[in-house]
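By letter and in written order, the chains are A, B, C and D; residue numbering begins at 1 in each of them.
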Amino acid sequence: MIDKSVNWPGGARIAVMLTFDFDAETLWTSRDPANARRPGILSQGVYGAKVGVPKILETLRDEGLKATFFVPGWTAEHHPQRTEMIVAGGHEVAHHSYSHNWIDPDYPEKEVEEMERGLEALKRVVGVVPRGYFSIKSPRPIFPNSHILEIFQDEFREIYRWGGLYNLVMHPQVIGRPSRIALLREIIGFIRSFPNVWFATGTEVAEAWSAAHDA
Amino acid sequence: MIDKSVNWPGGARIAVMLTFDFDAETLWTSRDPANARRPGILSQGVYGAKVGVPKILETLRDEGLKATFFVPGWTAEHHPQRTEMIVAGGHEVAHHSYSHNWIDPDYPEKEVEEMERGLEALKRVVGVVPRGYFSIKSPRPIFPNSHILEIFQDEFREIYRWGGLYNLVMHPQVIGRPSRIALLREIIGFIRSFPNVWFATGTEVAEAWSAAHDA
Amino acid sequence: MIDKSVNWPGGARIAVMLTFDFDAETLWTSRDPANARRPGILSQGVYGAKVGVPKILETLRDEGLKATFFVPGWTAEHHPQRTEMIVAGGHEVAHHSYSHNWIDPDYPEKEVEEMERGLEALKRVVGVVPRGYFSIKSPRPIFPNSHILEIFQDEFREIYRWGGLYNLVMHPQVIGRPSRIALLREIIGFIRSFPNVWFATGTEVAEAWSAAHDA
Amino acid sequence: MIDKSVNWPGGARIAVMLTFDFDAETLWTSRDPANARRPGILSQGVYGAKVGVPKILETLRDEGLKATFFVPGWTAEHHPQRTEMIVAGGHEVAHHSYSHNWIDPDYPEKEVEEMERGLEALKRVVGVVPRGYFSIKSPRPIFPNSHILEIFQDEFREIYRWGGLYNLVMHPQVIGRPSRIALLREIIGFIRSFPNVWFATGTEVAEAWSAAHDA
């Protein structure tokens, strides 16, 4: 996800990719084939194709930007005009399997088949032979730093008022996200704005605790 | 959902429908018939009928507005006074099946039966023969744009600080919503407020990456 | 939940009850008996009893207020000191079954037994014979009006920009809540701040739509 | 969690522990072994190890702080360099079982085995023999006090406008949290800013209610 060693064109400090997963109805049919007969549910995917994609393309055109659209083969076959609109807009069509179905990892050959069918469909419908990518993910934050910081501050202020121990529990895959690393700096800075705070490890706390209670 | 070609009365730019799904207890009994004997759970539906509807009607009357109420046949039969209050208020009663039950798509005849029973009940209870509508849906946003924009800004600022690659992944059925299209414009504007940013597609990034690492 | 006909003491406009469900571990053991052997999970209930209740009582004492504590019989038996602290504080102990277990509605006698065991335990442990209450509920809001209003405004502004149809879908048990009725007034006021808006029912919209397309 | 009787070093009012659960892939493999063959899912754990931990260590170094990392044996075996980075940074490595698997409480011997394997792995990989800790938990707040207070205020203002009864239902394990105790004080203060408010217990309300209706 992050690599400082890359020299982007024009000496850019950062490269920005805008990618769109054009899953259309496959997002729901891949969960439950019966959804194919449930217009109410499918209509979400229909909305993405009918209204979403054209509005996105209109916005990108107004902004003079090229983006990357991941298009499952099924989507290309069932929404050929939309897929062609994407290509006609000069955007990149990337590969996203055929049906977006969840593949049982015990049957890797099915995954290969899914990929090949997807590639074949894109080639046939819009004459595109895309490449694939793999990137490592971390859970997307659903709250801004200001929100998490406020929760922390509410908690810390009162525990400080009582006196005692504050144990801030974190998980690397979450607090390790770029935005959360910035948050960690803010939290530490906030704690340091209080007098008489002792930062300690679990062992140090346990020892002080025993010393106080065994005495 | 959006159609610019319609000429609304009085040359209005936009038509606004206020619709209420008066599901009452059916929202819970349709999920699990046993809920019919669980007062604690049903009380939510009871609240909607006993307190919610009168307060809504009072508010609409004070505002001088007419709205559309979707009333399942079961609700009309079990809350006839409330259903009559809606009609007496001059509001439209629209059709919403009979029991709100989830119909197995393999038995379309049951769906027809549900619809007919619902129509029959509305006709019998309040003498109304409503029409049905079908609209395409997209997932309703649960956070305002300012919230999502702030999360994005937290993330982008720190990745920019590190330097590297920022990949913004979007889905047409979500980002394609009217409010989210406005958000997309805001996000692009925010990114453009930083110097040395390179907007690129997946292939361009992959090529720059390879060039940097194979070298 | 709301009754304007009641004359509260001292001609009060509103009566305010502070109630606490002192479920302790029963909140988890009632979901899965095996949780009784899962200290990590139970510790949440332990926290409520060990830290929560004393802090609540301290706060109520500082504020000079009496509250109502719903105490399952199991809690009274396993946290007698805490239950006595509540009584000693002059607060009301109310009835909340014995084990907080979910009763299969097909076995009402079990519910009776649950209630009687709960009453018996409270009488034995703290000598209290409480009364029960029943109130109708509606889903508790998880977002403030300002949050929902902002989401609505984001959406409406952009659809207005495009022109078309805006369909606001609501549910009586949700929008009928006191806070949401206030929100409904705010939303209508916001819409009215725009020129060229047509408020219409589903039928009126369908007719204008047909007129525009059949023409 | 809170203990005022402890005398922290240097007469500190509060001790602050920064702890990190370095679960890596075990967070997902412990839920479903098949996840071990799902790169898309595992990549979250990979992110925590590959990007998260180094960024956390860099931040702690910049801040001049020592923290406590809970490392399952599996993580130590599969991310030895990362685990060594933690030790090399002068941080404490604490014990977190071997595989993070959920142990059936009916088989305590498996739990013992899990713990021993975890200890053995840490000793072998980084030569550390950590201690364990046990702390009581309460559900972590996901919204700041300002958010909950606003929801309460929206609700109270309108019920006050209608007149009637306001019943604030709370749970000790939630409202008993330090931050929520502060919130309870704020809520009471807000209610007291209104004239003609009667604070009452359930029995007092029931009596006033009966008196009004039986009359």
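For this structure, a couple of remarks:
Quick note on the criterion: a residue touches a chain if its C-beta (ideal position, glycine included) is under 8 Å from a C-beta of that chain, and two chains touch if they have at least 3 such contacts.
Per UniProt, the chains are A, B, C, D = Chitooligosaccharide deacetylase.
For clarity, every value in this text was computed on a predicted model and none was experimentally measured.
Number of steps on the shortest path from chain A to chain C, with steps defined by chain touch: 2.
Chain centres computed from CA atoms place C at the largest separation from chain A. Although chain C and chain D share one sequence, what matters here is the overlap of their interface residues, and that overlap falls short of half of the numbers used. The geometric centre of chain B is 23 Å away from that of chain C, both derived from CA atoms.
Chain B and chain D have CA centres that are 33 Å apart.
Contact with two or more other chains is made by residues 1-2, 135, 143, 177, 181 of chain A. Two chains count as a pair here when they touch; such pairs are A-B, A-D, B-C, C-D.
Interface residues of chain C facing chain D in the complex, by the touch rule stated above, are 1-24, 27, 34, 37-40, 43-53, 55-56, 59, 63, 65-68, 91-92, 94, 131, 133, 135, 141-146, 177-179, 181-183.
Considering their complex, residues 1-2, 104-106, 134-139, 143, 147, 150-151, 154-155, 157-177, 181, 184-185, 188, 191, 194-203, 205-206, 208-209, 212-213 of chain D touch chain C.
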